[in-house]
Structure formats: C-alpha cells, structure tokens
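Sharing a structure below in structure tokens format, with a few things to ask.
Note that the chains are named A, B, C and D in the order they appear, and that numbering of residues resets to 1 at the start of each chain.
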Amino acid sequence: MVVNTEVNIGVLKLNNPVLVASGTFGYGDECKEMVELHKLGGIVTKSLSLNPRIGNPPPRIVETTGGMLNSIGLANIGVKKFIQDKLPFLKSIGTSVIVNIAASSVDEYCMVLSLLEEQEGIDGYEINISCPNVKDGGLSFGTNLSITVEITKRLRSLTTKPLIIKLTPNVTKISDFARAASDEGADAVAVINTLVGLAVDIRTRKPKLSTITGGLSGPAIKPVALAKVYEIARSVKISIIGIGGIMTAEDAIEFMLVGASAVQVGTANFIDPSTAVKVADGIVLYCTQNKIDSVQKLTGAMQY
Amino acid sequence: MVVNTEVNIGVLKLNNPVLVASGTFGYGDECKEMVELHKLGGIVTKSLSLNPRIGNPPPRIVETTGGMLNSIGLANIGVKKFIQDKLPFLKSIGTSVIVNIAASSVDEYCMVLSLLEEQEGIDGYEINISCPNVKDGGLSFGTNLSITVEITKRLRSLTTKPLIIKLTPNVTKISDFARAASDEGADAVAVINTLVGLAVDIRTRKPKLSTITGGLSGPAIKPVALAKVYEIARSVKISIIGIGGIMTAEDAIEFMLVGASAVQVGTANFIDPSTAVKVADGIVLYCTQNKIDSVQKLTGAMQY
Amino acid sequence: MIQILSRVSNVRSISDNIWAINLVSPEIASIVKPGQFINVKVSESYMPLLRRPFSVQQVNADEITIIFSVYGLGTALLSKKRPGEILDIIGPLGNSFNTEDKFDTALLVGGGIGVAPFPFLTSILKRSTKNIITYLGARSSTHVITQQLENVKVATDDGSMGYHGTVVDLLRKDFSGSQYGNPKIFACGPTPMLRSISKLIQEIQVPCEASFESAMACGFGICQGCPVELVNDEKKYALVCKDGPVFDIRSIRIPYGS
Amino acid sequence: MIQILSRVSNVRSISDNIWAINLVSPEIASIVKPGQFINVKVSESYMPLLRRPFSVQQVNADEITIIFSVYGLGTALLSKKRPGEILDIIGPLGNSFNTEDKFDTALLVGGGIGVAPFPFLTSILKRSTKNIITYLGARSSTHVITQQLENVKVATDDGSMGYHGTVVDLLRKDFSGSQYGNPKIFACGPTPMLRSISKLIQEIQVPCEASFESAMACGFGICQGCPVELVNDEKKYALVCKDGPVFDIRSIRIPYGS
C-alpha cells in the first residue's frame, strides 16, 4: 500500500508530518553530514531575533530524569546574518523551511518578520512567545492573553504566509491561548514549548543553571504535552503541531491521535539527529500495517 | 555531631521533615510489616471524602518515562469508616498524622473537617484542592483563586489545628494561590500535586487511562516541582511542604534548599515503601557531613 | 509481605522467549501459597520506574522460581540478570488459590505464560488425593511449557501440537463428552481466555477460580491502581494485588480488550 | 562527523576505577585528530538520556580507544559493556590540538582522567622531532596512568608517588630551575588545574592550549548548551563542542568551581 504522507498546516503543505523543533537543530547546516535532510517534513530554525543574542552564561544544560533543563537564552546569530549565511543552504535542501522568531517587543517581532518577508524560500513562520529563559518577552508574553492576541494580529497583518504560534504549557488553560491565536487568524499552534523547571546541586548548594530556572524537555514531559494537545484539539479548529518528548514513531502517532496534524522532534535530535527521519519512516510503517492510506487520517483518531 | 531533625510547619512540629504523601501510602496500616512507621516524619492519609468513593474505572495506572499517570479518582473509604477503622492504628504509631481531605463542594470539606475535629490524635489537615482525576471539585477548585480563598477561609474558621493547602501545578502562577492560602491563614502549602497528563495506546488507539487524562507523578516531574516551590518561597512566608518525584535524600535536600521546610514522598513508596525512612536518614547524613546541626537550616539555603 | 534483597541463583531460557529465574529467599519460600506473586525491582535506574509482578512458579526449599516472557523493557532487563546478582523483591503478595475446598478433580487451565503459577499449585494439590488434569493453550508447540505439570492436554492456535483451537474449546469438548467427577477449574491466562472460560462456566456450572492481571503501581494495596470490576457488589471494585489476583470467576466483570 | 554503530572489541580496567574501551570504527579512526572526542550513547533506555563525551585516547589501525573514570550512571553503564556489543557513537567531534606550530618541547600537563587525550597526542607528536615531557597529577599513586606516555613526571596530592603537591606546582618548580627550549604546553584536566595553569602561563609566558569540558546536550553544535566565556570578545561565548574543546588558554575566562 502506498501511504500518502502529505499533511496540511493551514495553507502550508508538508511532505510528511515530522519536523525538527526550534533550537534543537541549529540552522540545518550543522547536521548535513549526518542527516538526510530532504527527508524531513520541515526544519524549524533556532529562534531568531532582530540582533544577535549571545545567550545566557553557563551552565546552560542539566540532565534530569528522562529529560533535560536548558537555559540557552535564545542565543542566535540574528535575522540578518541568518538571511545571509543560513537561508541559502536551507532553501537548497528541498524541505519546508519554517523560521522561528523570538523578540522582546511586539515591534521587534514585526521587524524580524518584515525582513524575512523580503526573502524567498521561507515556507512559514513560527512565533516563539513561550521561551522561559529570557528576561524580556518570552514567558511574560506567552502567559498573557492580550499580548498573545496583539502579537498574532500584528504579524497576521504583515504576512499571508503560514503563521504558527508556539504556545507555552506553563498556563492554567492553554486552549484559551490557542483560541486567541485562532481568532486572530493564525494557521496553527505549535504545542508545547518547555515547562519551567529547576535543579539544585546539593554539593555546592547552587542552582545547576546560571538562570536558576530553565526549560524542561524530553520524554519526561510527553504526557503533559499530549494532554495540552488534546485540550486544544477539543476547543479550536486550526491545525496543531505536537511537540514534547517525541523519541519514536509511536510517540509521534500518540500526538497525531490526540489531534496533532504534524509533530516536531526536539531534544531527541541531540541524541540521534536522524530521529525525525526515523519517526517519519515509522509513521508510514504504522499506517501500512494498519491499512491507513494517508497519515492525515491519524489526526484526532483516538477512540473514546 | 547530633543533628536536630525537628521542623516546624506553622504550629505543627514534626520529628523529621519527611512525610509520606497522600494517596501513596494508603492509611498507614498496609505497610506496617515492611516499614518502620515510627521513623516517618508524618503520614498524610489518602484523601478522604464525606462518603466512600469507589474511584474511576480501570485502567487507572500507566507508566511513563521516569514517571506514572494515575487516575484513581479519590477512591477512599469515607471519613466515618476512616475514623472507626484506621485512625486508632494511625494514632498508635507515634508519628504525626495529617488527614488529607477532598470534596466536591466547600460544604463537604467543612463537614469532613468537622467530623475529624471531634477526634483525638490528628495533628493537622491537608486540603486537596488539586486532584486532576475527578469531575466535581478537584482541579476546578485548585485553579480558581476565589474558591481557594473561600475553602481556606471556611476551614480556617473551623479549626485551630495546622491547616495545609495542597496546590496544583497546573496554573500559570502558583504563587498567587499560595498567597491566597497564606492570606486566609493557612499554616502551610503542600506543593505539588500531579501534572495533568495523557497517554495513548497506539495499538488500540484508545487512551491508556479510562478517564483519558490523569495525574503525572514521579522523578520526571521533579524539576517542575522544584521550580514551583522556588516560586512560592520567593513570594510567601508560610511554610512549604515540597512534593514531586522525591526518590532519594538528595532530591529531598534540593526541595529544602529552594525553600521547603518539609517534604513528602509519593510515587517512590510504590517502588520502595521505606523510601521516606531512608530519605530522612540520608538528610541527617548530609547534615552531618556538611556540619549542619539542624535540618531546618537547609530550608532556603540555596546560594544564588 | 516483606521487602527483601534476594540472590539470583539461576537464570535460564526454558522455551521460546520464556525465561526462568531462581531466587534465594527462605523468608518468602517458607510462607508463599500457590497463586501468590512477588513484585520485582528490575532496574537500578528509574527506567522502568515501577516494579514488575510475577507469579511464584515453584518453590524448592529456600528458593522460589518465577518464569516470564520477554515483553517490554522490564522483562528484557530481567532476562539479562546473572546468577549472583541481587534483586530487591516484595512478597508474597495477594491471596491464593483455594486448594482445600470440596472438589475431587482439579482442572488447571492456562493460556500462554498463564501457566506460570501451575507448577507450584500442582505440587500443593499433589499433597492431597485430588486428581489433576492440566489444559494448556499456546500459539504453537514451541510456546508450550509442560514442565512439572500433571496429565497435560495441549491446544495450539496453529494446530502444531495437540488440539487445533483454543484451550477453552478443548475443555468444552471434553466436558461435552464424559464428565469429570466433582471438578473445580483453576484458570490463569490472558483476558480473552478468561472471558471464554467465564462463558463456559455458565454453561457447565463448574466452580472456577481465576487469576487476574492488571497494571500495578505498588502491588501491595496502597495505590488503588489495580481494580477489577465486581458483579453486583456495592463496593464496585476489588484490587487485583490485595483482594486478588485469584477471584471466583463469576464475581468479576471481565473487561474487553486484551 | 558521522554517527555510526561501532563494535566494542575490548573492555578492561586499567587502573583504580578507570576503564578503557576499544571501539572498531575505521571511519573515525582514519580521520580523528588528537584532542577530538566522540559522543557515546551509553544506554538503550532514556536513562541517562543524553550521550556522554569522551576524548579519543588512542588510535590503532581500525580501532579507537576511550578511557574513563566511573563517575555517575552513564560511565557505570559504559564500564559494563562487553566485547561484541554495539555502541552508537558520533565522532570525531570538536577541534584538535595544534601539533604543527613552532615549538620544540611539548609539555603535556594532565590532571586525573585529563590524561585521556595524551597517548594519541603523544603518538602524533612523535612523528615530528619534538621533545615530549609529560606532567601528570593525581590524587595518589593508584590513580596515575602512565601508559603510552613519554618522559613522565608525576605529582600526587598525597605524595604517594613523585612530587608531593599539584602537578602545576611541579611544573612551576621545574620552570623556576632550568628552562625548556621553546616549549608549548598542552593541558587537560579539571577546572581548578586549568585555572592554576592559566596563572602560571601569565608568569612564564609560554603558549598553552588546553582542553575544556562542559556539560553537553548534543556535542555537535546544535543545542548551544556548552559555552565557555571568552576574554575580550564581542561574541562573548565559544562552544566547547564545536569551537573547542581545545582553546588557547589565554582566550578563555575560566569559571570558578570544579
């Protein structure tokens, strides 16, 4: 049986539903020797801000049970250098290119997006309003409904390209934020960014991250991410991109069954940069074994 | 060096800072053959409601990476049977007895507490406003600030015994809820109850729990729990009891360093019912090795 | 019920994908009853986090034996244990088969790895004067484990050994022919097998105790995680780990699914 | 940089709590340079989740060797690998020591397991006509690993072997006496050692390349998790896994703590 692997995220058509998540695959070129990049459903870039950001002081990484905390602090080369140095390669791969934008003000989001609008080869934008590791913007945006509305509205007015709002799980009711994004015309929500977490070194009695708290990712958070996708799927109609602890095709299929149209692989890339390719293959195998002719049919197919 | 292990939770004095968490140690008698119960800092009972509750249909348990989801649904014998059948044994142990109360209405909380007030041998109450697995009450209380205020106020007026409000992590800003509890006169907050999570069986395409979502516990959630305790410690003065993924003395010490005065061991009891006793011993060893003469001094001692 | 560090004295493969482990534990060996189980910490890390329950398959002096099929991570880790290693176990857990009520013929009916408690049950039954007949169902001949069992009758799904069909069909056939004298059925196996036995019982009206499984967090009654639904009981649920795993099959509403 | 399944050909304990593993990997062996490392998947479960980085200690034909001390869960699991097992590794990673610039005497200064990259570095240096002198610091004599090194001078914390004191004190002492002809220091070891070398360098003005460590999530430049702070550089940070692990010691602001 031939399985149709194409999925639609609003107006965005992906070759397959498995993307790599922002901040976990650099700008795509770092892995070119190891990964068959054209087999990815899409690449979401590291979050880009208007100017380069140096990021937070070390230590930025701690391993936890089944997961990790990070406090990178959006270290990135800035949108201009990205356009110059990274976009040409990304365009050449033959997979969808989603540029992730982070900013400290609504205006900065708009400026970054406007600069990107002048470029060709960008298939969509993912708006990070949910980074827990920066002082300005980040979580203070993603946990505030009216700012979420404003950011979505302003960016929507600037582009007709697919607009994806990336939500934080660190809220009481994530579906309110998904509805806000939906109401303002976003094509999709990406769910979830990391959970706020902390770890202490009891020997030195210091926090294990320089910023004290960081963002928790990896298989440990998968059940939480699935619950958030499920909550949103029951309350909005726009597409959902599921993220959180995906290591295997089985994990990705869980996300699709609860309502995701596509998924992103994050932390798993650090362990095996070809995870997303393997996950995409595994989804096809599952569909074949279960006589499902299109991966789209998995979305929301949980029986209950 | 002799280490003073006593800690104070408001007016409640505990022999040592390590309790067993509600719902993870039954009513204390089930483990009497295996655990040196008198060495526990305290026993928090399974949540008790006015009438017995049969709980949710199976399956109620799923293992996840570094954690588990449960959907017990507050199955319990009801407060009257508890008083008759379980309290006498609990009183005889020689450790602090904290009765955890869950209810579907503010009145029910009050009724249960009033019945318990007539009894001797109860050292305090822990109020579960944060169970994610019941339709009525539970999370709908714990995520609502004004109900949190009302429950605390009403119960405070009924008892002078230590009153502990158990908070849910499934909110945007847990310190708001801690402050509400503090303002209404609670002696302490217990932090955290489980995170809402979900798991799907991709073979049957059904949720792995009968209630679809459940509560995530175990070492996977420890970083989140530590971040919540830290957030609260910076904003309220009342005592904090830290809970979430504690498996070892090291874990417990992390909670104390970020601001907890005591801790509760939950899921770990299922794997080793003597965990809390071992954790208490391990804390003393750490204090000895670090020349700390009182475990109280660990509270909030993180260097940053 | 005790928690104890027990030494592995033997690990061996006894059939296709089936392993047996002997554990030195005089404390448990001296008190365990057939149908009871132990809960084994299979990993030193938190993966898997929870213990894994296994029926006691046999008792020999100081040692107890468990047998298991490699299913997921937990049983895979267990199959790699080596003699001399120490396992943290809790047991004996649960109730047990009642071997002392009034019956003359014990019919042991097992499906797949459900045969696990039968060698020990057989040893105990042999102390009395009861007849023992053992019905085993398996996918195919390589999955049949007949060791330490009495009067074994086999049914295989693929017909590669014994009766071609399910073990319950074989049992029904035998009942439709001659009758066993004053029989009692002891059943252990996958849920679908228990469901068909339950149906058969209604037809033939023979007492039947069955061992049930459930996902378990604790195994000793503190988590409330392992309910089975009771038929016509106001309590509604019983716990597999404490009230079971052995129940009168008529008292349980057997769930659908595997 | 490739990701590859590599066969373990040998595992052995080479000293107190120190293990060596040989891995068959012609692809990596043929291109790796001294100072580079590989990132090893130590577990088949998610615990530990992340790979563990290890310097390439030596290269022999198709094989590379890593040595490590058992520290936490990851290295404990690694020490239990057996010949024939397959490990998923990524490498070679990072930059390397520069052995080709103008110096006549290579001073290899290692503390503890920091000796790891030196045997391979020594092999490469021996291809030239440079002098090689190796300074090793360790807690005590049982922790000293001198295999495959040249002209070894030892310092131990407890004085049980060689100089009684730190390896940097020994080096300072030697410098205060005679001078080495046109020397260059190659350093690898714990942060406090690197900090004292850095101080010594300011006194004696000798070029020094040092290998730095950092917690790592990926090891190949995509997570931004492994920065070291640069001295007077607008970029502020460099990545240990990609820009390093080898840096001119003067370019790095060495952090406090271990």
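Operating definition for what follows: a contact is a pair of C-beta atoms (placed from the backbone, for glycine too) under 8 Å apart; a residue touches a chain by one contact, two chains touch by 3 or more.
All figures in this text were calculated on a predicted structure; none of them were measured in a lab.
Asks: Which chains are shared contacts of chain B and chain D?
Replies: A, C
Asks: Compare the CA centroid of chain A with every other chain's and tell me the farthest one.
Replies: Measuring from the centre of chain A, the most distant chain centre belongs to C.
Asks: When the centre of a chain is set as the mean of its C-alpha atoms, what distance in Å lies between chain B and chain C?
Replies: 36
Asks: Using Cα averages as centroids, what's the distance between chain A and chain B in whole Å?
Replies: 34
Asks: Would you mind pulling out the distance in Å between where the CA atoms of chain C average out and where those of chain D do?
Replies: For chain C versus chain D, the centre distance works out to 54 Å.
Asks: Using the touch rule from the top of the page, what residues of chain B touch 2 or more other chains?
Replies: Touching at least two other chains: 65-67, 204, 218-219.
Asks: So which bits of chain D are touching at least two other chains?
Replies: In chain D, residues 46-47 touch at least two other chains, as defined above.
Asks: Based on the touch definition given at the start, go ahead and assign the chain network to line, ring, star, complete or other.
Replies: The chain contacts form a complete graph, every chain touching every other.
Asks: Using the touch definition from the top, list the residues of chain B that touch chain A in their complex.
Replies: 64-67, 69, 143, 170-173, 195-200, 202, 204-207, 212-213, 216, 218-224, 226-227, 230, 245, 250, 253-254, 257-258, 286, 301-304
Asks: Which positions of chain C touch chain A when the two form their complex?
Replies: Against chain A, chain C makes touches at 46-47.
Asks: Would you mind writing out the residues of chain C in touch with chain B in their complex?
Replies: It comes out as residues 1-3, 41, 46-51, 88, 90, 214-229, 235-237, 255, 257.
Asks: Can you check the complex and tell me which residues of chain B touch chain D?
Replies: Chain B residues touching chain D: 65-66.
Asks: Where on chain A is chain D touching in the complex?
Replies: The contact residues of chain A facing chain D are 23-26, 30-31, 33-34, 46, 54-55, 57-63, 65-68, 70, 72, 75, 204, 218-219, 247, 267, 269-274.
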